[in-house]
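So, here come the structures, one by one.
Both complexes shown next keep chain A, but they swap its partner, so chain B is in the first and chain C is in the second.
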Partner chain A sequence: MPLSTDETGPQWRRRTAREDVLSWFGWATGLAVVGGCFFLISEKTIWEFVWSAPREAADLGARMVPPDWSYSSQLWRPLWDTFNIATLGTGLALVISVPVAFCAARNTTPSTAIARPLALFVIASSRSINSLIWALLLVVIVGPGVFAGVLAIALRSIGFCGKLLYEAIEEIDVPPVEAVTATGASSGQVLTYGVVPQVMTAFAGISVFRWDINIRESTILGLVGAGGIGLQLSASINNLDWSRVAVILLAILGTVIVSEWLSAKVRGALS
Partner chain B sequence: MPTLSINDLTKRYATGDLAIDQVSLVIPEGQVMALIGPSGAGKSTLIRCVNRLVEPTSGDVLLGDQNITKLGARKLRRARRHIGMIFQEYALVERLTVMENVLSGRLGYVGFWASWLRRFPKQDISDAFTLLDRVGLADMVDKRADELSGGQRQRVGIARALIQNPDLLLVDEPTASLDPKTSRQIMRLITELCRERNLTAVVNIHDVPLAKLFAERVVGLQAGQIVFDGSPEGLSPDVLTRIYGEEDWLATAETGNADMPESEPGVVEADRSL
Partner chain C sequence: MTDHVSDGLVEPSQRTWAPPRLIPNARLRWFIALAIGLYLAAAFGTLDINWERVAEGWPRAQRFFSGFVPPDFLSRQGAILDGLLESLWMTAAATALGVLLSIPIAIGGARNASPLPIYMACRAVMALSRTFHEVLIAIFFVKLFGFGPFAGMATLTLATVGFYAKLLAEDIEAIDRSQAEAIRSTGASWLQWLDYAIRPQVRPRAIGLAVYRLDINFRESAIIGIVGAGGIGATLNTAFDRYEFDTAAAILLIIIVIVMAAEYASGAIRRRVQ
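Let's look at the complex of A and B:
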């Protein structure tokens, strides 16, 4: 902070004159970049299509109304599949991500030379691939259907759950762990008495949060043949059967609202 | 009960800081010794080197005829069973119940699965009840540790250390997070229990009047070295200046004595509701 003195006494300003100029220059550059990008994008856009967008949207909307309600009776089964894909996928991911997280956390890892980098690699690779892409690969490997969906959700969730859990493990209070160690407890007991109780809330919160995300993710896996309601969605879109698409979208919306409400309830009860 | 001897103990942290510099001490059985000194003098490091929560750089720690610094992992765990520890911020596992926290003092004697399933021997559980009653928490057994007040939590910490049936008690700033009244009750409880069980105890404490009141022997640590070793009466202003640095010690000593009557019988009884 630049301090100076003039005839009225000590003075304070947020920045020096030089820093002021630099700051203005920074903002100006930022604006110029945004403007430049706009022109680049604008050149490659067919504006006629954009101007007609409201009309097209209204047209599509009109074809969706009224929704084909009779179709909804056929949606219970795929919705149930979607729910199962999300739930089983989350469960499988949790089973795998717990040991991975304990290996990745600096304070509980059995070895910083081998186990930790390995666990971090598992987490990073799982997180870097979207579940839709996992599903594309798995449909080829294990064939189309719900099983591919479960595995795709699980593989994507291992990284998410593992990362959040290992961060929670690294943030625990040290003194209780010291205290349990000081009683002569074995390392397994130090883990179950000193560490696990401290991360249980985080673990439960992470599970419910991921399950909630997975409900949404599993609704699209059917697009690539990995089971669930996405299959019906893609079939109806391909047939231009917009009144059915409307019913499916409403069904997905309903499911997501229910899952979100449920996970909010559970997380509220935990804290 | 064995004697604790510390010989030429040195701890230099990886950062290069010399926390303890060739400290030698002999604490005979049944003695309650206060370790005083300014923040950063190495008090916590010294007692953590005894049960090797901190690995000493050199020197020996002998409990009876066992050299703790030379033990392998398994034997160290066995040795730790005989050393109870009480912590500054209580160090309870907040989400476990009072009973679970006390029983965790027996972990060294119970197998992994038994402890996981909370199947502790009957004797341990009845000992836990007795101790909780002794420290005044008989009706808190099933409360979660984070529902208790500071003084109550420290009582749980004391019960956890004592259920180990230790030969030696390491006490790290037991009153630093407590108000003056609770501090004195806790210190009184600790010293009473030490006397009842003829326990050897090392008590880190930064509160000089409290140390004077409850310890039989005071050791002053300054920059990792012992600069005073004697009876509480020997803590003259000169000695305090040697330990802590220049200060008007007479002024504080007088106010310290004024609000410190020698005994308050029955306080522990009366304050169970704390």
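Let's look at the complex of A and C:
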């Protein structure tokens, strides 16, 4: 705590003078950068459209109410597809990410020279591309539909699950592994009896966590043609059929809330 | 430990041992396995996959991946640079604005700093802004504000509020109470209490979260362009629509490099602050 002395005695101050200057300088730089960004964005914005937003919103709201409830009977199939995209995608990702994670973890990798960097590369490249971009790519390759969606979700989730899982593997307790090794177990047995039981809970938690995220993601994949309820959504938006859009949004809202509740419940039971 | 034969009457050589199961209840375990089996049957039974079209994908995939060697950075150079800069502006502006808006909401949403009605209202704001995917919000903001980076910035700001306010509120709730009480007992006003008891305790985490969100916002800015909210995503979508795979490959590579660099930098900064 820096102190300065004046005629009334010692005064407590939060920072030294040097820290004060540095802090002001930091704030000024930050403000300049953000201000510059706002300016550049506003250059590219047609402000009349922005100012008319409240009117637009009111108009949109009026068109959405009342929702076209009769349309909801046609939504079960797209919702089932959405659920399948998320679930099968997560399943496929888990199947692939387990060996990748074991190769990436420092304590279980078969070789630090080849397998580990390769596994880390798979994880990093899968993580840095969003599932919507994967979907964009896959729709061109395998054609529009549910299959592209499943693959897009899986490709994005491999990195996520692989990363969390290999971190869990690296954090395991060493003594049980040593104890199993000391009995003369083969490396496969060490894995199944020493390592796997320790990361099982983490594995289950990670899968449910990612599944929940994937439900949310799979609702939009249809916008680029990769199946699920997003297809209906983009069709209704293109037809300016806002009372149907309202029903679809409510269906998405319900699905997301249920999946979040379920995932929280399962994760609560695991811990 | 499940010792299947635990009475000492059996020869040790006949004893078996099985590692503990994730779900100890055998009935529940079988039920879950059965449910998964039924689900898989139902899912694959109803999955509508056009295998002929999938088989046709191979030459297309080859064409796409041959676009990566070499990727074409140059022929759409201007558009790529424009989209990239737009993404960066959107990211910076939305993170700053979002964090600024989040702070009062986070304080309102922390049970130890606010009365119940305000707490409920702020928690409702957080839950609402987290429910819908960024892309869905972007669709509506594009509708309201017109095409371009402003809609993107608004989307990312809202998404930032949902994320940042929630985590910050949880952080405020988890502070060390004795320090907060000490400040309060000096007769500090509520604002002084916030400034001297809460702020120093949550500062490192708050900075770390902001940096983390900056990183997430860049990733998101790369996709909301697909629905018209500006940024590099718009450029990428155009490249795909024109089947210009070499340009698309170039854009993807740029995104990957920036995302990895941002992740590395944000990880390093967070480790230093926290």
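Following the convention adopted for this analysis, the second predicted complex is superposed on the first by the 251 of 271 C-alpha atoms of A that agree within 3 Å, B and C clash if a C-alpha of one lies under 4 Å from a C-alpha of the other, contacts with A are read in each partner's own complex, and residues count from 1 in each chain.
The working rule: a contact is a pair of C-beta atoms (placed from the backbone, for glycine too) under 8 Å apart; a residue touches a chain by one contact, two chains touch by 3 or more.
Bear in mind the structure is a predicted one, so any value in this text is a computation, not a measurement.
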Subject >> Partner chain(s) touched by A:S128 [first = chain B, second = chain C, both, neither] >> reply: second
Original post:
In the superposed arrangement, does A:Q74 touch chain B (first), chain C (second), both or neither?
Top reply: neither
Original post:
Where does A:F147 make contact in the superposed view: on chain B (first), on chain C (second), on both, or on neither?
Top reply: second
Subject >> chain B versus chain C as contact partner of A:V180, first or second or both or neither >> reply: first
**OP:** State whether A:Q11 touches chain B only (first), chain C only (second), both chains, or neither.
**Re:** neither
Original post:
By residue count, is chain A touched more by chain B or by chain C?
Top reply: C
**OP:** Name the contact category of A:F49: first (chain B only), second (chain C only), both, or neither.
**Re:** second
Original post:
Between chain B (first) and chain C (second), which does A:M200 come into contact with in this model arrangement: first, second, both, or neither?
Top reply: both
**OP:** Identify the overlap between the chain B-contacting and the chain C-contacting residues of chain A.
**Re:** 192-193, 197, 200-201
**OP:** Give every residue of chain A touching chain B within the complex, in rising order.
**Re:** 173, 175-176, 178-186, 188-189, 192-194, 197-198, 200-201
**OP:** Can you check the complex and tell me which residues of chain B touch chain A?
**Re:** 51, 53, 77-81, 83-85, 87-96, 100, 104-108, 112, 115-116, 157, 160, 164, 170
**OP:** Give every residue of chain A touching chain C within the complex, in rising order.
**Re:** 30, 33-34, 37-38, 40-42, 44-46, 49-50, 53, 56-57, 60, 80-81, 84, 87-88, 124-125, 128-130, 132-133, 136-137, 140-143, 145-147, 192-193, 197, 200-201, 204, 216-217, 219-220, 223-224, 233, 237, 249, 252-253, 256-257
Subject >> Residue ranges of chain C touching chain A (in the complex, touch as defined) >> reply: 19-20, 22, 39, 43, 46-50, 53-54, 56-57, 60-61, 64, 85-86, 88-90, 92-93, 96-97, 131-133, 135-136, 139-140, 143-146, 148-150, 153, 219-220, 222-223, 226-227, 230, 233, 236-237, 240, 243, 252, 255-256, 259-260, 263
